[in-house]
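Structures given as structure tokens follow.
Each of the two complexes below includes subunit A, the first together with subunit B, the second together with subunit C.
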Partner chain A sequence: MQNVTQVAASQGNIFASLGIDWKALILQIIAFLLLVFVLGKWVYPWLMKSVDERQAGIEAAAKATAEAQKSAEANKEAVAQLLAQARKEANEIIGTAKLESAEMVSTSEKKAQKIAERIAKDAHEQLDKDVVNARKVLYNDTLELVGLATEKIIAQKLDKKTDGELIDAVVKAAK
Partner chain B sequence: MPGRLSRRAVAEYVATSLVEGKSKKLLFQQLAAYLINTQRTKELELIVRDIEFSLAEKGVIQASIVSAFDLTAETKKALEAFVKTQTKATQVSLSNMVDPSVLGGVKITVPGRELDQTVAHQLTVLKTRFKKA
Partner chain C sequence: MISGFAAFDLHVSIGAQTLFTIFGFDVTNALLTGLVGVIITVAVLVYVALSVKRGKYNRFIGLVQWVFEGLLHQINDIIPDKKLAKKMTPLAITIFFVVMFNYWLSLLPGLDSIKVNGVPILRSAAADLNFTLALAIITVVTVQMYAIKYLGVFGNAKRYIRNPFKNPVGAFEGALEIIGEFSRGVALALRLFGNAFAGEILLIVILLLTSYVASVVLPVFMLFELFIGFIQAYVFFVLTLIFTSLAVTHEDEHDKQTA
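After this line comes the complex of A and B, so read on.
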């Protein structure tokens, strides 16, 4: 080390004494500036653009997420409203159905009552007819029996003499 | 008798012959022979009825009497007189049939007419009249 310092001092150049080659330094500076220029001209804009795009994408995604969340909230409310509406309609339908069923039951009862009354009326009429027919049959049977009894009595009571008188009476009446 | 005659012609012939006083036996033999010969024995009842009608037209009535008991001579006379009066017949002959089922009274049948005054008929009429349909 001491030898190097001594050499540089001997040459009268501080860069040399520090071991720096100023030509090489200039070249390196130029190369560095060229690199900076190249990076600033072509690489950085591309990188920044890419980063910006990515950031924009992330922001859009976040925004979409927020909107989706908002929409989900809104949908939740809509669903709740729909459910409430559906419950209300269901209750109305049940109420209407109950009313209708009550009306139907009432109508059926009235109808059944009418039918029962009609059946009872028909039965009464049929009964009356049967009674009338039975009386008629009884009357005719009685008449038949009376006729038979009369025949028997006449057959027993009528003799030749009475019959002769009867015939005479018939002839006289016919004249 | 000639070949095939009408029933009315046969009845007229027999009735006329009876009125003229020809032998009944001979007439009926002729009639029987004719009916057998012409195979018309099934018409006998109709021919007898026609003969009765023909006789009635000539004033000879064959009256059929149905009664429950035998009729006395007086009753028969009364009936004969009654039939004569009613039919304007000059000659009436009665044939009496006893049928106890008529109970009493009398049923007189002459050609084309009938008078039923039996007790059984009266009862039937009464029953029919008062019977309810």
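After this line comes the complex of A and C, so read on.
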């Protein structure tokens, strides 16, 4: 491999030793400028348009996201307010329900007490009636037993006439 | 070792080699590969543009679109003037894609092995100073054109020529600016050429050194070269934008400094 300076010295031209050919250089400049012109005129506009559209889409999406976030925050506040309102209403409803239930319990207790008292009263009355009836039955049974015992003692059948005579006799004896 | 190299006939030429001549014009291997690179660039961009126009999408189109969008963002970030940024877009993006595809062509199998009349057919255009110098000249001239358009002929001239009796420091600064303009152009050309040329030599040397193991080792270096190709294209692209941005904002900065 030859040194560049050696080649330059032998050829007397540093550009030639580096392989620089002015014709090729000018041709490449023209070709490249032509390429830039062609690409800039017919190819890049489409790519730039797509980038702009994509950018616009991203910006629109970002805007929509920001709006959605804003609306979500607003909704969050509205939901919080609704929840607070609902809690307040629920508390009020629970309070009212407690009061109403207490009243209902109190009323029911009173009603139940009245019914119980009435039932007890009816039971007492029924008991008194039963006692009176039992007494009557007992009295009649006693009378019958007395009659039967008397029949056994006097050894004769008692009827109203005999009964009357006996009673009279006893009354006279008592006198 | 050296005799082994000689056996493989390692041939390194700084300049591109002539394959054939048409009407007195030398068609070099780099020119031919560069033409293929340009055709690939145009085919890819036209395919993507047509697909986008028709609303057809796939991963490749998405990738190219993603790169394109990234480059557009970069242009808008570096050049504050939106109008100028839009004007610079075709040149800057074409530089990026052409440089990248041409650099990647140096990875094609057959580099320095497929020969016609002893001249390798494949040589990346990025490894030819004619191509890199052409891009650098276009960039420097474009920057100057926009500087004149934005600052005016005299405004732009003031960047370089100042009265040494009134402002000796400024005059020296102007002289440095002139040197800077040339050095920027030369640096642009030589950076890309140096990287591409060294990349090609690296691949050939690795191929010779590793012999039969090359099929295992070379892919690693090829991947590295793919990455370097992308980086070099990006560097050229960004420097074009930075030089433009510096040229058109020079007056404002100078005014601020003097104020």
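By our rule, the second predicted complex is superposed on the first by the 102 of 175 C-alpha atoms of A that agree within 3 Å, B and C clash if a C-alpha of one lies under 4 Å from a C-alpha of the other, contacts with A are read in each partner's own complex, and residues count from 1 in each chain.
Operating definition for what follows: a residue touches a chain if its C-beta (ideal position, glycine included) is under 8 Å from a C-beta of that chain, and two chains touch if they have at least 3 such contacts.
Since the model is a prediction, treat every value here as computed from it, not as a measurement.
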When the two structures are overlaid on chain A, which partner does A:46 contact: first (subunit B), second (subunit C), both, or neither? second
Which one hits more subunit A residues, subunit B or subunit C? C
Regarding the shared-chain residue A:174, is it in contact with subunit B (first), subunit C (second), both, or neither? first
Footprint intersection on subunit A (subunit B / subunit C) at none
Interface residues, subunit A side, partner subunit C - complex: 1, 4, 7, 16-21, 23-25, 27-29, 31-33, 35-40, 42-44, 46-51, 54
With touch defined as at the start, can you tell me which subunit A residues reach subunit B in the complex? 136, 139-140, 143-144, 147, 150-151, 154-155, 158-160, 162-164, 166-168, 170-171, 174-175
In the complex formed with subunit A, which residues of subunit C make contact? 12-16, 25-26, 28, 31, 34, 38, 41-42, 45-46, 48-50, 52-53, 65, 68-69, 72, 89-91, 93-94, 98, 128-131, 133-135, 137-138
For subunit B, which residues count as touching subunit A in their complex? 67-72, 74-75, 78-79, 82, 85-86, 100, 103-106, 115, 117, 119-120, 123-124, 126-127, 130-132
